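Structures given as structure tokens follow.
Two complexes, one shared chain (chain A), two partners (chain B, chain C).
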Partner chain A sequence: MKLSVLHSLFDAAALSALAPLMALAIGALLVLLAGLTPLSKAARGLLVAASLVFAGVLNARILLAEQVPGVVLDGVFVADRATAMWGLIFIAGVAVAWLFSRNYYDEDSSHQNEHDVLLLATAVGMSMMAGARDLIVFFIGLELLSIPLYALAAFRRNRAKSVEAGLKYFLLGAFAAGFFLYGAALVYAASGTLSLDVFADPAQRAKVLESPMALVGVAMLAASVFFKVSVFPFHVWVPDVYEGSPTPVTGLMATGTKAAAFAFLLNALLALPTSSATSVALIALITMAVGNLGALLQQDVKRMLAYSGIAHAGVVLLAIAGAVGGDPQPHGALQAALFYMAAYVATAGGAFGVLALLESDGERMTTLDGLRGLGQRRPYLAAALTVFMLSLGGIPATGGFLGKYLVFSVAVRAEMIPAAIVGVLLSVIALGYYLRVIIAMWMQAPNEDSPLASTKPIAFSARLASTACVALVLLMGLLPRWFLEHM
Partner chain B sequence: MHYDLLLLTFLPLAAAFAIAFTPKGAEALQRYLALGATLVVAVLGVRLFIGFGAEGTPVERYLFDAPWFALPSSYGAPTQVRFKLGLDGVSLLMVTLTAVLMPIVILSTWGHVHKRVKEFMVWMLVMQTGMLGTFLALDLVLFYFFWEISLIPLYFLIGIWGGERRLYATIKFFLYTLAGSLVMMIAIISILWTRGTSDVFELINVLCRAPLEEQLWLFAAFALAFGIKVPLLPFHTWLPDAHTEAPTSGSVVLAGVLLKMGTYGLVRFCIHMLPGAAIAAAPVMMALGAIGILYGALLAWAQDDLKRLIACSSVSHLGYVVLGLFALTPAGINGGMLQMVNHGISTGLLFLLVGMIYERRHSRALDAFGGVAVAMPIFALFWVITTLSSVGLPGLNGFVGEYLILYGSFQASPLWSIVGLSGVIFGAIYMLMATRRMLFGALDKPENRELGDLGAREVGLLLPLVVLVVWLGVSPNTFLSKTQPDLEQINVRLAEARRALLASADSTTHPSAEPLQEQSR
Partner chain C sequence: MNVPSEHLFFLSAGLFALGVLGFLVRRNVIVALMCVELMLNAANLAFLAASRSHSRADALDLQGPVFSIFVITVAAAEAAVGLALVIALYRLKQSVETDSASEMKG
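And then the complex of A and B:
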């Protein structure tokens, strides 16, 4: 068997399945090496951009090809249209975080190189998580994502908040990793395999889940992944970590990590019996309620977006609940989650990015008070942030609306209409705080004593990223045909 | 394919874009660009109105149809969501009203919008696109798009240019209407999935044969969204706040057009698409309408703030519309449609007039006035005509609508018709009392002696509306005859649904006798 893995490493399907990951990994190594050379910052940036673009093209090739590589490497990894789309979403998330980070770390800019390497590594990890058909492969992906993120969270190491965020994230993340491994061990002991295929087949699944050991194992696995997507009751770390981390990294945590964990959850949770749909839906609704009510109380927009991220995790979980509950549309939940997360990457990534731009050194520009009158001072940034807020709130003409539409479609199709109605009403609460951001920017005069936004011109990279995010959000909202057909 | 409707809908948006890129200080340019764009739209709208139903006008002129995107459906083949705009008898009056009202509204901003003119014009024009799109959309998803998008401009208009409590009012307005809309979204999702189409006319053919139980829950979801927008009792509390805090032009658009989106939705979707449920729910809706008439009138009577008074009178007047529509008789529906236009014109006029006097006096409290007729005779003339139109004096527009509504609803339910009739009396009381306190009596407050009368611009923008007030009152058939054929369709549907309800009541013993079967798609 070991030999066959070696052989299959070199067949065409496996190569094409792993090509995007390799492009990112090789890119990361090259950037690392480039740090030793006297190459300029711009040249090194070009290297990062090239590897992201190259990986994106390789994913697009799988997405648009007639024949997808499918399951490779003895069934531990899969590359199909869905994973290719996930891959594109991850790359977009990393690209947004990277572009906004270019001019973010003034005082630590000497470490920009390490920063970029870590960012690229997270992209490899996320892609691996999405394609994993085996618990151990998934775990490697998870760690490949998490460990760089611990470092990135603490990247502004001369700031107490950043270090605190890194430490908190690391400690809790380590626990989650432990849970995952223990759970995987229990599942292995009960079923004799680590492959997710066991759960794909209803008969086998029922047999495995008969043993209490496997049940405990599955519960531990779920707890670990719920931690990553920040689903209730595993969400409490989110506000502190998101607030303390450097803002572009927060954006990546909110979008990329969540997307990767959902890519896995979509496979794994579908293993649940139909009867558990109600409990999953309940968890989803509680998560939405906790996130939205928490966000309503925040004065700091970054922290508010952290809570809103919890709520958004709840929304996607509702789609999964619908799928568990017997959505008659095949891959309906997958399409909904892909579209929702793609829109979310552009929206939340862009929103965190704009906040990153506004954080002038040392001063807290990200409070609602600090945003007052931004529409007058910096109309373009304020307009971008307005589009992002409306998209997060799910208002039509933005990608967020169609994402919400698709997610609630899954619940309606599974005949969970009460849950859907409670869900949409909870999302009305969400508008309550998104609108406050818009109010602060456009409808309130600036505070006399509030720090003025830094007057330094916006860097090209950040301008590119925010424009691209706005364009993507509007494109997904107004002309979604291509996205719907490929998701 | 004709692009008239596309041009009509998106010309304001294009103008908004153009204005957004004009230099910051060029206020005159921004104002005249907005005025020019809305005037062109008004001309287009009137041209469409004149041609509508006339011999030899190609039908395609009133339709724009292009594929948009696809969503899953239970039939395997996906539901094609289309970008379909169309003008018919149900939307004709609303579209024309929107097109004609907007240049007047823009012209009125000369007097009261002095800060951030550029943004104001942008939002006004975006709003026009949203409203026209809502009335013209003949695809359920497209309708929902425009329906929700039209919230955003008003949110900004109230929030930036509004009064003291504008932030509270604007958030309340947004969240109230959004909550209703989202429940409607769930219903739309369900329809698209089970019926496999989002075309409004196809759905009208399909859904009227749906089982009553399904019709009823869909009806409830749609009626909630529309009822909040109208607003129907008990969902009316956002309206007085929004109206009071909104700038004059925002109030005019809100009363003149935005609220009509709710009543339009009731006709198009709740009644025409779900006739069975409409018949079943008619007693409740008529009761809500009639109580709304009375309650709104009493509320208005108790107000001291002129603007709030008119806002509350809106609740009352829209109660008439709902009462008439849900009488489900030809006279009632005709009257309801006509009253929608009437209310748009009369209340629009009232808000414009209140805005004009507020610009001079900086107060809207009734106590602050008295004897204004002496200081401002032209203003007084317009105010009296408008008041009389609003209370339904024969010969002016309000009378025809109210008469048809009360006549139509009496056929359906004498009780609620009489309750509604009492509202007419209260309506006369509070409007005439307000007029007396403001215009007549002693000119005893020194501030009021200084008030200057209306200028040429103000008279110019009021005159077209006054002409409409008289025209609608004297010759309502100019308008009703155009809508008649399509409203007839609704009556045919309702008659069918009544027969089906009777038949299903008869056939409980032998269910195979169900006369109407699911139409093959």
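And then the complex of A and C:
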């Protein structure tokens, strides 16, 4: 290949589009190398933080610039305001998981360095998925996210539950990857291209989807991505994997993975014909119902949040259904999904993080019983968890409320009133289990049989993360204008 | 000898079905891993067959072969993590059957 070809590919726009990914990738490699040096834990932590902040700044630069890089690298990658915003959401998710993980691992803390490398790698993968305009790039991003997560899920390798979670996630994830690839091969065989632009153009799309081969291929692709976002009927793995994984990692799976897959689905599903809006809405509502009813039955708060995560995936899918069904506002669904996922990253990331803090006290106290009387014992943690629960339930003055409002207004604008009504009703059911957590913490006497463990002081990093999450949830609820202007 | 591309597609579909079936039927984690590899390689074969049927003598379509090279790379990384998980399971349970990893409700 001639060098001039490379020059024309890697022009200034391509470099600025890829800069956030490179900051994270280089950061991951540096942290890996730093593990070989006698650098202290704090110094290595500084390296991780610097890499995350730097990548965040580079994303903000794209977000605020007059001119975005747009489609680069011969049409396989795109960097615009939406992908920059997604990038910030991913970085926030990874940062929250990282800050809460700092003091989480006790017997495995000697491997914190490897843990941080894997976390940074997932951020690169997520950003690649969001910007992919080509199935090869998307697949590599997907695996760059998934393979580190398999290892992270099993990170507490002396605990049977953690290894079990990692193994289950790995086996099902690899199985889904197989379906993704075979689907991609069928689409390629039928259409002769791996570019997603084929599906963006209605005329070309209709021609490709005439062939049954391509139809089967698209179905296989959709199934494997639905697996990642945990949409019905591909959600059965979620409760076990979320329960067994280390809690900060669970937070990242619930927020980051879901956001990255939705960033892709928003592009891909918008290519569906308007007639399929009803079926997408139906899947969304069933997902919400399965998640909410499952959550109602749980005693373990971590497992309850896993089911609630399934329900939240259904809510975002409802926004996509609205967009497919002809929402007249061009970026309505994108804005709703971005805002919803941004609020969800702060809320669920913070909620899993607080659970991680309560757990690292030594006692397993993630059951509802264990939370009783937390308000008197640890008022700050209980207050933070209360804010998160209210936001997950969609109470006004929190980011979660506005996110739900935006999603349901997309559905209403698309004239899918019944779907919106059922969605709102399902959200009201959800309040039942969120409020149970709040009641247990503030209104019930501590259970003497399952005593709360010592009030171990909370590390600075965890305090920073939980404060930032609470602040973000409230800011998004009270002053949403800044966020909406940039989404 | 010139094998028609359709035959390659049928072969790859057969291999893929075999992989899916094996994954669903067998309880041994290592066998499940092998079945996943079979699925990935079936996809590789389909990519190469598709690339062949899209290529003409003067214009080769290289997207398929490039994708399959990436798939081989990713499959290697996946196998490394997968086998590490198998070893972690064996250290805890002295077994590599999926039934030994069923502490949670499923």
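Operating definition for what follows: the second predicted complex is superposed on the first by the 475 of 487 C-alpha atoms of A that agree within 3 Å, B and C clash if a C-alpha of one lies under 4 Å from a C-alpha of the other, contacts with A are read in each partner's own complex, and residues count from 1 in each chain.
Note that in this section a contact is a pair of C-beta atoms (placed from the backbone, for glycine too) under 8 Å apart; a residue touches a chain by one contact, two chains touch by 3 or more.
In this text the structure is predicted, and so the values were computed from the model without any measurement.
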### Query
With the two structures laid over each other on chain A, which partner does A:Tyr380 touch: chain B (first), chain C (second), both, or neither?
neither
Ask   = Is A:Leu171 contacted by the first partner chain B, the second partner chain C, both or neither?
value = second
Open item on the list: According to the stated criteria, A:Leu435 is in contact with first (chain B), second (chain C), both, or neither; which is it?
Closed with: first
First, second, both or neither for A:Tyr105, with chain B first and chain C second
neither
Item to check | First (chain B), second (chain C), both or neither touched by A:Pro396 | outcome: first
Is A:Asp240 touching the first partner chain B, the second partner chain C, both, or neither of them? second
*Is A:Ile421 touching the first partner chain B, the second partner chain C, both, or neither of them?*
first
Listed in rising order, chain C residues that touch chain A in their complex are 9, 12, 16, 19-20, 23, 29, 32-33, 36, 39-40, 42-44, 46-47, 49-51, 53-54, 61, 63-64, 66-67, 70-71, 74, 77-78, 81-82, 84-86, 88-89, 91-93, 98, 101-106
Residue positions on chain A within touch of chain C in the complex are 135-136, 139-140, 143, 147, 150-151, 154, 157-158, 160-161, 163-168, 170-171, 174-175, 177-179, 181-182, 184-186, 188-189, 192-194, 239-240, 243-244
Given the complex, residues on chain A that touch chain B span 328-329, 332, 335, 390, 395-397, 401, 405-406, 408-409, 412-413, 417, 420-421, 424-425, 427-428, 431-432, 435-436, 438-439, 442-444, 479-481, 484-485
Seen from chain B, its contact residues with chain A in the complex are 68-72, 74, 144-145, 148-149, 151-152, 155-156, 159-160, 166-167, 170-171, 174-175, 178-179, 182-183, 185-186, 189-190, 192-193
